[in-house]
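For reference, chains read A, B, C and D in written order, and residue numbers begin at 1 within each chain.
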C-alpha cells in the first residue's frame, strides 16, 4: 500500500489536477501551487545528487581505490563552489540594500563564484561541446556509407544542405538566375525546398507520432497501468 | 473471430472519433480568439470552466479516448500483436555478448530529469536490460545526470533483480548520480567508456548534443550500441553511428512492448487508432481544402 | 580490488609529471604577468568603477518616514527632498567590468597626450583575470587532449568539471528556488532581514507556511534515499514529479503538437495563385501544388511507418518504405544543419585560444 | 590471405588502406580546416534568406517602444552559434526603442543575458536605464512549468528581479500581470527548455497576444521548422541565420559603438565553408574506400 498504492494516488491526483487547472479557471491557482512545489522539489534533488556524489567519492578516497586522487579533485572543486556560492565570497553588495550581506549578487565577475564560472566551468563545458566537430568528422568518414537507397537519400540531402548553407552555393549555382524557370537548380532554392517542404513533412509526422506516444505514456502513468518506477511490494 | 470483432469495434471507434475530431478542430479555431480577449479572460477567471478551451478539451478527450479504447479492446481479449521492432530484439543479444566477453554493460538514461516522458520510457527499458543482465550475471552500470533518475533507476534495477530471482547480485553502487551539467556528465561518460570498455552500450532517453560523443566513443571501443530517443534532432546520429535505434514513437512503444502486459500493449494499439484518426482527418481536410481551392479558382473568375 | 574484468588504463592517480607540468604552466602565467613588461600573451584589462550608497530618509506629507540607500549624486538628495541619515556610514565598493585591450590602449594614449589631466576611467591590467585566461586556456587544451587519447590531464579536467558543475547547480537551485519559494514562506522574518530585504509580506502567511510544508516533506522523503534503509519512500516525491509531468504533457501534446500539426498538414492539393502579369487572375501554381502534395504524402507515409499493430508487408510495407525515405531526407537535413552548429562551436573555442590567449587572431 | 588478394592498382590500394586510417588524422584535418581560414580571415558576403528577413520583419512589426521579453535559453556551450543572434536581437530591439525584460530558462542563461546587456545594450545604447527601460529577471528553474506559470500570473514565477526588488515596484514591470502583457517574445534557444516550449506553452495558448521570434541552434532548427511561420513569426537557424540577420540589422541600424560585435556571425562563416567542404570530402572518401574494399572481398569469396 505505502510502496505502491500511495505513489499511484499521488501521481494520478497531481496529473488530474493539472489537467483540470488548464480547463477550469477556478482550479487554476491550485495548478500554480503545484508548479511551485515542483520547482522546490526539483531544487531539493540537487541536494540529493550532491549527497550521493560525496558518498561515492569519499568512499573512493577512504578506501584508496584506483584513481582516488581524481575523486579528491572532484570533492575539492565541489566544496569550493559551495563555499564561494553559499557564502557569496567577493560578492558585490545589492545597491538597494548594501548592508544586507546575503542580498548581494554572487554571480558577477567580481565574486569568486563568478570567476570559477567564467574561467573554469564555462571553458570546460564549451570545449567538451566543441569536441563534437571532430566526432562529426569521424562519423562522416566512418558511418555515412551509401549502403542502400535509404542511406543514399540521406547522403544526398546532407550534401545539399552542407553546400547550400555556405558560400559554396553562390560559387556553384549562383549564376542561375533566381527568377528563371530553372531556379530550382540553385542550391539555396533546393535546400530551402528540402527543408521547408520535405523535411518538414517528415518532422511533422514524427511530431504527431511523438505527441501520441507521449500522451499514451502519460495516460498509462495516470491510470496506474505503467508501474515500472515503483519498488516491489 | 474475436480479433475481427475487436478490429471492427476499433474501426467504429476510429470513425466516430474522426467525426468528433473534425468538430473539435472547428471549435478550436472558432473559440481560440475569444480566449485571448482580455476582458473575456478576466471575466472567466472565476468561472469553473473556461469555455474558450472547450475545443481543446474535446480534442484531448478524443485523443485520450483512442488510447483508452485500445486498452479496453485489449482487456476484452482483442489481439495485442505488435510488429517486430528490431532494436528491442537486439537487447538480449547485446547483453549476452557483454557477458561472454566478461565486460560491463553501460546504460545511459539520457540527460533529462524524470519530468521528461522520454526519461520515464528509458527507465522502463532499463527494467528489461537489468533483468537480462541479472539473468546472465552481467555487470550493469547506470550513471545518471539527475538524482531523481538515479532514485528511479535504483528501484527499477532492484525490482528487475528480484524478478530474475537474483536479488543478491543487486548493487546500488553501480547506479550513481554524476552531475546535472550536460557536458560534465558527458566528460565523465567519455572517460568511463574509454577506461572500462563496456561491450554493450544502451542510450535510452532524452539526448541532445552528447548523442554523437557517446556513439563515436562507443564505436571506438567496439561496443554494440542500441539507442532510443524521441529527440528528432539526434536521430540521424544514432541511426548512423549505432547498431540499432528506436526511432521517436517506437521508443515510447518499446517501453510498453517490453512490459508484455496486455494493458500496455493495448495502449500501443490505441496510439495506432489515434494515428489512423489523424490520417483520416488529414485526408478529409485535404479533400475539402482542394475542393475549396478549385471552387475559388473557377467559381471566382 | 576492483573488478578484474575491467582493466582500467592508467587508474593510478594523477601522474606526477602532469602535475608538475600543470604547476609550471600556471607559474609561467603569473611570471608573464609580473616579470615581463611586454605582454605577448593573454592579459586581461578591467575598468575599475567605484560605487557609493548613503542611507537617506524622506518624510512624506502624511508624516510617514521612509529610508532608502541612494547614490550621493542622486537627484533626490541633491534637491534636498531626501536627507542623509546621521551616523550611518556610507557603503563603498568597486566593480570591475572587463574591457578590451584596444580600449585600454586608447585610454593610455589619451593620458599620454594630455598629461596632468585626471583620467575619466581607471583601466588597469587585472592579474586575477589574466590568470583566469591562462587557466581557461589550459583547461581547453586539456579537454582537446582527449582526442589524442585518455590521459591524466584530461582526467584532471574531467574531475574538475564534475565537481564544479555539481556545486554550481546546487548553489543555483538554493538561491533561485529554495530561498524565494521554500525558505521565504517558512521563515518570512528571517528571510526579509537576512536574505531578501525587498521581500513583500504575504497577505496569507499562515496558508503560505502550510503550503510550503508539502514540498518540504516531499524533499525530506526524497533525501531519505541517502539513508541506509527505507530508501523506497523516495518514490513518493518521484510520483509527484512524474504526475506533474504527465498532467502537463496530456494537454501540451494535444494542444501544441497533435492539433496544430494535423491542421498544418491539411493543404489543398491543387493550388491557384494570382498571376504575375494580372493579380486578379488565378492561375495554377505548379510549385505550391507540388509542395502540398509532397507534404501530405510525406506525413501520411511516415505515419504508416509508425503503425505498430500491422506488419510491414504488402501495401502497408510499400507505403512504410516511402515513409522511411521521407525520414531519411529529414535526417539528412538535420545532419547538415547540425554539422553547421558543431563547427561553429569549434571556431569559437579556437577564437578564444587565438585571440584571447595567444593574441594572434 | 594476402597471397590470394587479386592484383589491384595503387589508387585502389591507397583507398582501401585509407579505410583503416587512425581517426586522429581526421581530427587533425578538421582542426586545420577551422583554424586556417580563421587565421587568414577568410570571409564571404551574405545574402539574407527568407526566414532571416521574416525574423527582421517580425521585430519591425511591433510598434516602437513596445515591451519585449527576452528568454536566454542557452549556455556557454552554444555561445558560438547563439551569441551573435542575441547580440543582433538586443541591438535591433534597442534601436527600435523597445523596453526589455531578460529572463532565462537555463541557469547559465542569466550570465549570457548579463554579458549581452553589458556588451551590446549598455555599450551601444547608454540611454537605457535599469528598471525603466530594461530589467534583468534572471534564471528560474522549472522548465516549461515556468512558461505556463507566466501565462497565468507573471509574479508567481518571478516575484523578484535579480536585485531582489519585487517586480511590482519596477516601473517597467508594474503593469505586467501575465505574459500576455508583452508584445514580443524573443527566445534564443539551444534545446530543452527553449523555443519549442515557448511555442507549446505560450504561443499555442495565446496565439494573438504576442509575436514570437526565436534564434535556434542548427541542431534544434529542424524541429522548429514545422512551427514557422504560423506558430512562430521569426526563426533564425544556426550561424548562417545569425550572419544573415546581422547583415540586415547592421544595414538598417548601424551600431554606434563596437560594430565588430555585430560581425561575429559573419566572421564564423569562413571556417564554416572550408569545414563543410572537408565534411563532404570525408564522406566521399569514406564511401570510395568502402567500395574499393568491397570489390576486394568479392574477389576473395
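To be clear about the criterion, a residue touches a chain if its C-beta (ideal position, glycine included) is under 8 Å from a C-beta of that chain, and two chains touch if they have at least 3 such contacts.
All values derive from a computational prediction rather than experimental measurement.
Distance between Cα centroids is largest for the pairing of chain D with B.
No other two chains have as many C-beta pairs in contact as A-C. Averaged C-alpha coordinates put the centre of chain A at 17 Å from the centre of chain B. Centroids of chain A and chain C (each the mean of its C-alpha atoms) stand 11 Å apart. If you average the CA atoms of chain B and of chain C, the two centres end up 27 Å from each other. Taken residue by residue, chain C touches two or more other chains at 8, 11, 97, 143, 146-147, 155, 157-158, 161-162, 164-166, 168-169, 172-173, 176-177, 196-198, 222, 225, 232, 235, 237-238, 241-242, 244-246, 248-251, 254-255, 257-258, 261-262, 264-265, 296, 299-300, 303, 306, 327, 330-335, 337-340, 343, 345-346, 348-349, whereas all remaining positions touch fewer. Residue positions of chain D touching 2 or more other chains, listed in rising order: 23, 27, 30-31, 34, 77-80, 140-142, 145, 148, 164-165, 205, 219, 222-223, 226, 238, 240, 272, 275-276, 279. With touch defined as above, residues shared between interfaces to two or more other chains in chain B number as follows: 56, 60, 63-64, 113-117, 120, 147-148, 151-152, 155, 178-184, 187, 209, 232-233, 236-237, 240, 247-249, 253, 268, 271, 275, 278. Taken pairwise by the contact criterion, the protein chains are fully connected, each one touching every other.
Residues 21, 23, 26-27, 29-31, 34, 44-45, 47, 49-50, 75-80, 108, 110-111, 114, 140-142, 145-146, 148-149, 152-153, 156, 162-165, 222-223, 225-226, 238, 240, 269, 272-273, 275-280, 282-283, 285-287, 290 of chain D are the ones touching chain A in the complex. Taken in their complex, chain C has these residues touching chain D: 97, 147-148, 168-169, 172-173, 176-177, 180, 196-200, 244, 248, 252, 255-257, 260-261, 264, 330, 333-334, 337-341, 343-351, 354, 360-361.
Against chain B, in their complex, chain A makes its touches with residues 19, 22-26, 28, 38, 42, 45-46, 48-49, 52-53, 56, 121, 124-125, 128-129, 131-132, 135-136, 138-139, 142-144, 154, 203, 206-210, 212-221, 223, 225-226, 228-232. Considering their complex, residues 44-50, 53, 56-57, 60, 63-64, 67-68, 71, 113-115, 117, 120-121, 123-124, 127, 146-148, 150-152, 155-156, 158-159, 162, 173, 176-184, 186-187, 209, 212-213, 215-216, 219, 230, 232, 236-237, 240-241, 247-249, 251-253, 255-256, 259, 261, 263-264, 267-268, 270-271, 274-275, 278 of chain B touch chain A. The touching residues of chain D, counted against chain B in their complex, run 23, 77, 143, 180, 191-192, 205-209, 219-220, 222-223.
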